[in-house]
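Everything below concerns the one structure shown next.
By letter and in written order, the chains are A, B, C and D; residue numbering begins at 1 in each of them.
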Amino acid sequence: MIYEGKQKIWSEYQKEIPDDHYFYVRSCIRQSFFPASEATFLDITRNKLGKDIFETEHHTTCGGIAYHSDTIPQETVMTIIARQFALMAKNGYENYVCSCITSFGLYCETMETWREFPELEAKIRENLWKSCKLEFAKPKFLIHASDLIYKYRKLIAAQAVRKLVNVHTGEPLKVVEHIGCHYSKMFPSKGVGGAEYPYVLVGMIEAWGGEIVDYPERRHCCGFGFRQYFIKGNRGYSLSNTHKKFESMEPFKPDLIITNCPGCPYFLDRWQYVIAESTGKTYGQDGHGIPALTYEEVAGLVMGYDPWDLGLQTHQVGVEPLLDKMGVEYDPAKKYLGKNGKDIGAPAPCSCLK
Amino acid sequence: MKNNILIIGGGPAGLEASAQLQRMGYNVILIEKDSVLGGHLAKWDRLFPDGVPADEVLSGLIHGTEGVKLFTETEIRAINRLEKSYNVRLTNGITVLSDAVLIASGFDLFNAVKKEEYGYGIYDRVITNADLEAYFKNGSDKRIDHPKRIGFVHCVGSRDEKSGCRSCSKVCCATAVKQAIEVKESFPDAEVFCFYMDLRLFGRHYEDLYLKAQKEYGVRFIRGRVAEVSENIDGSLVIKAEDTVASKPLKATMDLLVLMSGMRPSVSGKAVGDLLEMTVEEDGYFAVRSGIAAGQRSPLPGLFLAGAATGPKTLPETLADARAAAVEIDRYLTEIFPDARNYKQLVRERW
Amino acid sequence: MVDFGFGLVPSSRMNLDLFDKEKYEELAEIEPDVRICMACGSCTAVCTAGKYTRTSLREAIEDIKNAKPEKALEMLRACQLCGKCSMVCPRGINTRHLILSITKVYSAK
Amino acid sequence: MGKLYDLLMKDYRLKEGLNACINCGTCTAICPAAEFYRYDPRRIVDIVQSKDDEEIEKLLKSDTIWYCGECMSCVTRCPRKNAAGLIIMSLRNLSIELGYFIESEKGRQQYLLTKDLCSNILDYGYCVYPRRFDYAGHPEAGRVWEWEEKHLDDVFERLGGNLDGKGPGAMRRIPQEDLEQIRNIFDITGATERMENVRKAGEKKAAELGMTVEEFSEMVYKQSDPKHLNH
């Protein structure tokens, strides 16, 4: 692997990311499964970086999951998107930051389709007025929330209390990055680093002291596949695609997987559980899995957030080996406590996965 | 009849046209931007279909240019069209008043780095056709270390709109087959695979070469374009394609992957064209005057084109082009150019 | 082991790393023309058995090269050795001999 | 030639997604579905560009068009700037519009998908809503979800969420006025009509099979014929 070759490509795919004043839009999956990640993101941008980032309670799903499950027409999803954009403009913002990768890809595609077919844009403008009495607007900058963390990765490193380094050996942690397919595969120029060697997560890992490992199936989808997951009869597809990735990364012995798509950390986590429980195979050390974290969680860890405030207890793959390597202090007894130490029980143990 | 003729480009087209025009008695000035003559031919080891050494062909071409005024490491600084002739200032300080100009600026090899998914310049064991020729010529390349499995990827920067190159580069299929045979000669134990979309083996003896590669060398031809390449922990490469004959995705591990970089319009040729405000077509190559019968004439009177400046060509085609250019230049300089009174009308009628 | 109601499913991806070079050389030894097939499909187009069954010499040759010899044998099982394919092969392959050779080499355990 | 093709061509996704295909196979080479289903996106594109209505109709009624996971990895690969994934989306769209989807096992799944995802959006403003994501239906969500499901309010409170709460925050209760607007959007852009049609088609199919809607739903959720898979 020739590092300089990648650098050359990275230098060709740098997108403009505005400095401040962001309109934040949440992700259905991230909110449902990783609510602490979004909370951490807002805390970092607002309180650690001092940025203005605004959220309105009136925004909704973009409809992307329903759209990519072919349950709603294109015109419907485009009008919902137009509504989100209108809310941004109404609140005086023009920098649109979304938490979801499916949304991000869909926004890019929608803007591109409107550009190519102005009559469609006109139709959506009309739809928006008819249905919501809102004025049509488009963002000046469309960015994914991971783009923002990427932009401020060095500021975060400056405030970090620890690095992505094994404190026992002094070696950098080996990190696998997984980019959501819809981040840049459709529009390579919209993603930091392009589609083949995206830099958005690599940049974070480098800035925070980890070592990136590139493995043959790096570019492959996690296997979500929308309808291929939601319907039980189709889940073999989803599972098998994740399995293919893990078989490919196994020889590299990664310590950690970092993701920027909301769904991927769920699938890369839970499918390890299913593979372990149904076949006995595990990919981490001594029967453990490989933790698959969101970029917000990884940022939070280096900045010294408590792992249980970050929600790491809601991953099925245990994160303790990673925390031990990083020298993160944590109280195992507090892992599953509710707010203010409330006892809310704990998950049943797995039969195979540690 | 000692007209000055300026020939731009010292590759096969420029050399051959120089030789022909010199023999006809013209005063030929040949400029070449590099320090050596021959263009890509100088970097190639052997040529399809019969494997003659490129050196031999090149020295033959150079030999024919005796008497030609030759300037290497020389480019054009400025060029003006006077009433009939071209006033050309060269970077070596010399100014030439030329009655006819031949652009033989050739092609650039596609920069394989741009086909990002193949990882040239990123994965250690991905090389190009040009790298392999250099290896055959010089005998060393640390990326080539007793490979057991070698893959050839056709159409790299050809027939690919994503890389901005729609056209077929014509020579890569035959080059791949030739190199597959040669690599098998160098490493008899190796398994060799060619991944192609269509095998365009149109020329004389090319099909024989293909048959030979299959029959005598056991080269495996797989119809399917390579979709992506990645690197294993041991540095070997994983390639993915669809075998479109079987309608199934496939993967294979390779120790060496050779990308058949195609032809792209020459960047330095384009710079010369810009000085003359010459039209290029959508594909980036220079436009000939009109249609298929235009031969070597450019839209500008007295300005001619030969070789890959007007699109991908094989070596024999390039040489034929050069000879045709010589004939057309001669015709122009004898039938149109001398008639000062009727020059404009003759240009209208016969250019 | 837990039953989730679904599980890993088989891959269709052909893996050329599994190609049995020695066996193939054995075949090429007795029928060298296996190397020169161009996969044009003429044989399959005229195949008598192919009209009624899934028989295809073109596919069988592909299957062998793609490390799926069992599929190749399956592809040739209904062949009646009528020889029409040998009449149309543009490369003049002795297809009957090739079919017999494939069966001989790859059926042997 | 081409009544169905003409209908397809009205779809912006097809206009964007279909240029002339050269059958190179780069899409299939990396397609997650081509590996785990009996599926070849290259052939789908080729059939559509053939404009052969008979073949297109077969596709619209088949399982084949439902194998794609819409990851769009094919878009990055195509040397002719085709988008097999977008072509699939327009085929699915037409299959639903014409009611053909109900003919195939995989297509039929739209009945459940439409019901679940659209009602999540209309009822809550989210595509996924944790109270409707049950461990029983999703055993792969793990022991940890089994636990979270029992303590959703506590878990969300602990993790800085705002489950069903007022104001902004993760999984907040989206105000009724906003849900009204989403419903209006559904009404005027054809989503409501589509939901109705899909529901009716599903119920009709259930009746044809002599099943109650519940039995039908259960079957659609779990059924997977081995014919979809490679051997």
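Note that a contact is a pair of C-beta atoms (placed from the backbone, for glycine too) under 8 Å apart; a residue touches a chain by one contact, two chains touch by 3 or more.
This structure is a prediction, so every number in the text was calculated from the model and none was measured.
Undergrad: Using only Cα atoms to place each chain's centre, name the chain farthest from chain D.
TA: That would be chain B.
Undergrad: A-C or C-D: which has the larger count of contacting C-beta pairs?
TA: When the contacts at A-C and C-D are counted, A-C has more.
Undergrad: Take the average of all CA coordinates in chain A, do the same for chain C, and state the distance between these two points in whole angstrom.
TA: Taking the average C-alpha coordinate of chain A and of chain C, the gap between them is 46 Å.
Undergrad: Taking the mean of the C-alpha atoms as each chain's centre, how many Å separate chain B from chain C?
TA: One centre to the other, that is 40 Å.
Undergrad: Need the CA-centroid distance for the pair chain A / chain D, whole Å please.
TA: So the centre of chain A lies 22 Å away from the centre of chain D.
Undergrad: Name the residues of chain D that each touch 2 or more other chains.
TA: Within chain D, the residues that touch at least two other chains are 30, 34-36, 76, 140, 222, 224, 229.
Undergrad: Chain B: which residues touch two or more other chains?
TA: 117, 223, 228, 243, 248-250 - these are the residues of chain B that touch more than one other chain.
Undergrad: Taking each residue of chain A in turn, which ones touch at least two of the other chains?
TA: In chain A, 195-196, 219, 232-237, 239-240, 244, 274 touch at least two other chains.
Undergrad: Taking the touch rule as given, give the residues of chain C at its contact with chain B in the complex, in rising order.
TA: 12-17, 19, 21, 28, 32, 35-36, 38-39, 58-59, 62-63, 65-66, 91
Undergrad: Spell out the part of chain A that touches chain C in their complex, as residue ranges.
TA: Spelled out, the residues of chain A in touch with chain C are 232-237, 239-240, 243-244, 274-275, 277-280, 351-352.
Undergrad: Considering only the defined contacts, which chain D positions touch chain A in the complex?
TA: That would be residues 11-13, 15-16, 30, 32-33, 35-37, 66-73, 75-76, 83, 89, 92-93, 96, 106, 109-110, 112-114, 116-118, 120-121, 125-130, 133, 137, 140-148, 150-151, 154-161, 166-172, 174-175, 177-179, 181-182, 184-191, 194-195, 198, 220-224, 229 of chain D.
Undergrad: Please name which positions on chain A make contact with chain B in the complex.
TA: It comes out as residues 1-2, 5-6, 8-9, 194-197, 214-219, 251-252.
Undergrad: Would you pull the chain C residues touching chain D in the complex into a rising list?
TA: Within the complex, chain C touches chain D at residues 2, 4-6, 9-13.
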